[in-house]
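Listed after this line are the structures, all set down as structure tokens.
Look at the two complexes coming up: subunit A is in both, with subunit B in one and subunit C in the other.
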Partner chain A sequence: MKTAVRFGMVVLGVLAVVGLMVPSAALAAKEIKIGVIYPLTGGAAAAGRELRAGAELAAKIANNVMTDISMDMAKNSGIKNMGGAKIKLIFKDHQGNPTIGADLAKKLILDDKVDGILGCYHSSVTKTVSAVCEQYGVPMINGTSTSPALTKRGLKWFWRTTPHDKWFTKDLFELLKGLTEGKVRGVKAVPKKEIINLASACEKTEWGSHVSDIIKSLAKEYGFKLKKSLLYAAKSPDLSSEVRSLKAVRPDAMLFASYTSDAILMVKTLKAQKAAPKIIWGQDAGFEKPEFRSTLRDSIVGILTRTVFLPKVAQIKKVAGQVNTLYKKNTGNDLGGASARAFTGLQTGVHVLEKAGSTKPADIQKAANALKIPGKELVVPWAGIQFAASGDEIGQNVLGSGLIGQYQKDKDGNLVLEIIYPFDVATADMIFPFSF
Partner chain B sequence: MDILISSLFAGLLIGMVLALVALGLNIIFGVMEIVNFAHGEFLMVGMYTGLFTAQATGMEPLLTLPVAAVVGFLLGIICYYGFIKFLIRGPMVAQLLGTFGLMLFLRNIALLIFGSEDRALHHGILVDKSFDMGMGVIVPATKLTAAGLSVVAFVAVWLLMNRTKIGKALTATALNAQGARYMGIPTERMNALAWGIGGGSVTIAGALIVNFWSVNPFMGLLFTMIAFAIVALGGFGSVPGAFFAGLVVGLITEIPGIWDFFTYTFNFDWMNNVPMTSLKYMWVYLAYFVIVVVRPRGLFGWKQ
Partner chain C sequence: METIKNALDFSDSPRIDLTIAGLVALFLLVFPIFPHSAFAMATMIQFLMFSLYGMGWNTIGGYGGQVDLGKAQYVGIGAYTTAVMLIRWDVPFWISMPIGMCFAVIWSFIIGYPLFRLKGHYFAIATIATTLVLKDIFEVWDFVGAARGLEISPIKYIPPDFLRLIFKQDVYYYYVILGFFFLGILYVNWFRRSRLGFQLRSIKDNEDVAQSLGINVHWAKVKTYAIATAFVSLVGSFHACYIKNIEPEDTMSLDLSILIALMAMLGGAGSLWGPIIGAGILIPCKSYLKEWLGAQVGLVGIDLIIYAGIIMVISAFEPRGIWGIVEKVRRRKRS
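What follows is the complex of A and B.
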């Protein structure tokens, strides 16, 4: 009997010692670290704030049960298939600099031991950061960089949820074509010769220079004349020589790819120089930022911008409205193209982790390549998310699509973005021609 | 033809403002032979001063010039007595690195206080207004006024330097500090005054520029480089040289417009494909390089 008691005591003692040796973290739900690299200072800091708020909101929804949000991610507290593991975001600021971005990615991977990376907004930074991720075999999800070249490199650890600039720019040319065919709501068919002359000005980093190339090739394909195509430095304090150069060819439509401060400066300079194109179209980014609207106010009525999300979407899509309400409560602003896509980027990461059930890179890779998120789960008006696992655009979401919005005034005199394209979901008549 | 005329006109207008930017650098170098790398940051301080004074008081932005001048003058004096005075006792390298440090200090202070966002003026009787001068030349009212006031400020500084005892004392200090000291000129005060006048003139330029350009803490370097080019071209220490070189540099920044004129006049397709706008500041630095190599004392500089 004594022996049995002694044996029992020894077993209990061993169990107690072993129990003390097991770290408490192993008993608690695991934490999943995701490095998020955005431009939190510098010229694109305003966009950085939006991106950060979007990603943070997605993490909050993923980490808590929120019954008032109609998406799978809101039904569980943390990643259900990983014992409720919580998402922890580690934010880093790349300042719009590709070299800094690459250094930060290395630090996140080697020092912080992140399980994946989200970022980076600037295509030029996404390019270097994705190269680092590829080198270390760490999964990277990109929600907001739109240079087409990013998914043409055959990377195995890089997935992009947003449609890229070729799709967006094609939307613009479809709109121009639609104008000539009388398909645009509220505008009678415009003879092509009245809108045939185009001029473009794009900032000269990876993103802008690619947009410029796409405009050149699509103008040719759709039979428009690109009379002037120029690149400029986004940090330039003065754009008057650029505007004079554009004005000199008397374009019917002016097309821009600009970040925030240069988009504001460009429009101010166009107005000061009394430029008079019939259409001004911006390739999202700066043209959609709250600062663009609050700074230029009524002078932007009639300007078009491509986007992936407009507050109007929240009115026609239930889940977008629910998330928008939360976002507005946190930031005071409606979801925009940047924040909605940052949200979607992290949401995709959560779905990938749920499907993989582990943080092993190989499992994540397999899950991402086989992922399919239906459109009803998303705040953005896409058919869903499914990545190309082969072909010449590996890692690109093939179910995305874009919108073209136009700044107009609503009944109360507030500046709003109305959907003009796709034609079947247009929310207002298009203002044509544009004038300052 | 209209693009040629409007480009030349715009170049001359902005050249007048850039000349005022460079004037302060020129005076400081002329009197003390010290290169102020923080000059662009002084301009940034002037821009923020003009911006916030106009926004806080609701006054017309152009009326903030005296405030900017006082802030710039005091900043120059404080920098001299608090920092430069000790720096000039060291070797040339220490002076260069010291003003470089001052540049980083002012930039990061601005970043801490104002944040990294671009800020711009959106009110004022001249903001968003332009004059149609005919022949396709449209001039923003802010730039036209800034150019006019730059010329006034320039003339005032020139008169101060050439028609007053203080100006002559500054010139004497510049030419021979030891000799000036023997003649009873308080050279240390003259050095401080040079920093004060240099700071005041560049902050006035800043308060003018903020009427049409946005400001952020990182913008100083571009203007420091442009100011160096102007001072090198005009000649270190020469006030008229700075004005003339400012006009030349202003015209150089408009090379893309002049290029466009030739492109459309001769209808050469290949010219249309040259990315002139993305290289527009390259020509300024090229001019700087050429003048330093070919004529180091500049067009109007003093002979040693």
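What follows is the complex of A and C.
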């Protein structure tokens, strides 16, 4: 009996000492659940894998102290202002279907009780998911959907970190204009009449159809002739007739908005039908995926794609290089436009939580509207993150910007994306004209 | 009065079927009272919607034997009518829904009349073609939002709004679609023993014999096709208010047309309970497999493989669907 009492006292004593040693903050630490809805299967599954890896890496950095990463998020273990609360990501697969996306958002909000939602890549799915979030007053951060309409709906619980397609497409026309003015590195001024005829083919959901409209209006504004503009189904198993239709107008530049499988099919068909435009430009997405590069290999040398991140950025920004090294270690690939923006989306969420100091939706809303993240914190080459709290684009990051890259061979014969636009940060001479 | 009496008359169904149907009906009525997850509620609403789609398909596809793979166009017509009328003119659901049904029925007459000159696979392919053409038209038609579709603003209406069918809690949607579901069963019960129902079954058995008996085969098919489209259009209108976002790729896709036919075929085409059984198995299967396995690291896509496997096993085991298995067992017991 005596021994038992003594043993009990020793155990209690040890527990008391341990209790004193553990900081109160750690006891208070809780988990912050963030629902992440991405296309993990279907035609955009390749993008989904990248997005997931980007978000997971951001969560890992936020949850651990990583002294070799020069960003605030890496200095603390968890959310400092919430007692070191850790970020827990709950992934869901929307399969590119807006109805499934809405159902998953309800599940995450009502069943899993998430504190916020990140997603969804497809603009059409982001639209339904953000509507559900708005209905339930749950914050949603969107890092990768670029349809301009998303931030024109006056939603109070939706914030978008990525620039949208109007900005990106404007970059393309600035590049075309720059070509005629001799501003492009390595290319003498090209007479406008030699690149005046354009043709576009965009996939026909929310995103692609918006891009198509923007191309139409900007072509007019910049004085180019859009000879053909067509929409096609991204799931289409054959794009021969679309390519024939594009070729028929003999365009100088072909412009595309495609997801992964259709981007690959489009380029293969263009090559098979011996299309000969002087410029091929893709609106990111499929044109920038590792699968696009690994499947088509040398035939994409000279193709342009808009993006927000290129491995070359790592040479310009120290923090981008550090994060890229970690990402490459995990996945075997460099950060791309999708993964870098998914990373930035979650990073923004972490900053918002740090500023809010709580998971109460009202606090998060207030913090997000007053947020300002300086550009040096980001892997993407933006001036920073600051959301518009008024005007006709509520919730849109006003400090974002885009890049245009071109697939080229480096001196070792590897396929790399070189920065062509903005002109002042160009990393290589532009290949012009393009040929298969 | 006679019609209502016939609709409520289930005397030709075995007692065991009616007992099970009664228990299921009771379960459906009380389901929201018991603790349930939001995901379970969403799955139940999907089940009821697809049961109704299947009931509609079953009239022409099951009783009439005409394989229609173009039902999504009528989902689209219903959904777009309700969304356009609500967004542009603030017309309540209860007015736009029957208008949508009228548009769908008119469209079904326009395409059904020439289409029913075709038979078998040619008819099935033609229904796919008409859906794709209509979808393409909607994708470039600015009045209905073109490829971007239409969104019922999440901030414009204050829920609960019973006139416009705008609710925050899914339980309201559940009871609305459950009401339509019960009405649908009663209608199909009446239909299968109506003059048209008997005509269709004789057409399915042998079209030439039916014709020789004085049945206007072509007209009977066209009329039934219109009935089927009305069902589907009604659910399309509901879908617009429930999801609050419609676009051609989502509401008028070939995938949806095939899924509608698959539910009814797998449950048992040409039987009263077949489409409900089909939806009752496939919808929860699809939803929960995706939920449990869909986003697991290293298992991405496994849910779709298992789902496809279930469909293949049932189809291989009994091509007439689950109801076919039930009937086979009953026949064995009797003999």
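The criterion applied here is as follows: the second predicted complex is superposed on the first by the 408 of 436 C-alpha atoms of A that agree within 3 Å, B and C clash if a C-alpha of one lies under 4 Å from a C-alpha of the other, contacts with A are read in each partner's own complex, and residues count from 1 in each chain.
Keep in mind that, in the parts below, contacts are C-beta pairs under 8 Å (C-beta built on N, C-alpha and C of every residue); 3 or more make two chains touch, one makes a residue touch a chain.
Note that this is a predicted model, so its numbers are computed, not measured.
After superposition onto subunit A, partners subunit B and subunit C are found to clash with each other. Contacts of A:Lys204 after superposition on the shared chain: both subunit B and subunit C are touched.
Once the two complexes are laid over each other on the shared chain, residue contacts for A:Gly43 go to subunit B alone; subunit C is not touched. Of the two partner chains placed around the shared chain by superposition, neither subunit B nor subunit C is touched by A:Asn63.
By the touch criterion defined above, A:Leu265 reaches subunit B but does not reach subunit C. With both structures placed on the common chain, the touch criterion links A:Asp238 to subunit B but leaves subunit C unconnected.
Within the superposed three-chain model, A:Thr307 lies out of touch with both subunit B and subunit C [touch as defined at top]. Looking at the shared chain after the overlay, A:Thr427 reaches neither subunit B nor subunit C.
Contacts of A:Lys228 after superposition: subunit B is touched, whereas subunit C is not reached.
Applying the stated contact rule after C-alpha superposition, one finds that A:Gln273 touches subunit B and leaves subunit C untouched.
Touched by subunit B in one complex and by subunit C in the other are residues 41, 45, 204, 231, 233 of subunit A. Residues of subunit B that touch subunit A in their complex: 2-3, 6-7, 10, 14, 111, 115-118, 120, 122, 128-130, 132, 138, 140, 209, 212-214, 216, 218-219, 222, 253-254, 256-257, 260, 264, 272, 275-278, 280-281.
Chain contact summary for the complex, subunit A toward subunit C: residues 40-41, 45, 48, 91-93, 95, 97-100, 102-103, 106-107, 109-111, 124, 127-128, 130-132, 134-136, 147, 149, 153-156, 204-206, 208-210, 231, 233.
Of all residues in subunit C, only 37-39, 42, 46, 139-140, 146-149, 151, 153-155, 159, 168, 170, 239, 243-245, 247-250, 287, 290-291, 294-295, 300-301, 304 touch subunit A in the complex they form. Those residues of subunit A that touch subunit B in the shared complex are 41-43, 45-46, 201, 204, 228, 230-233, 235, 237-238, 240-242, 244-245, 247-249, 260-261, 264-265, 268, 271-274, 291, 295, 299.
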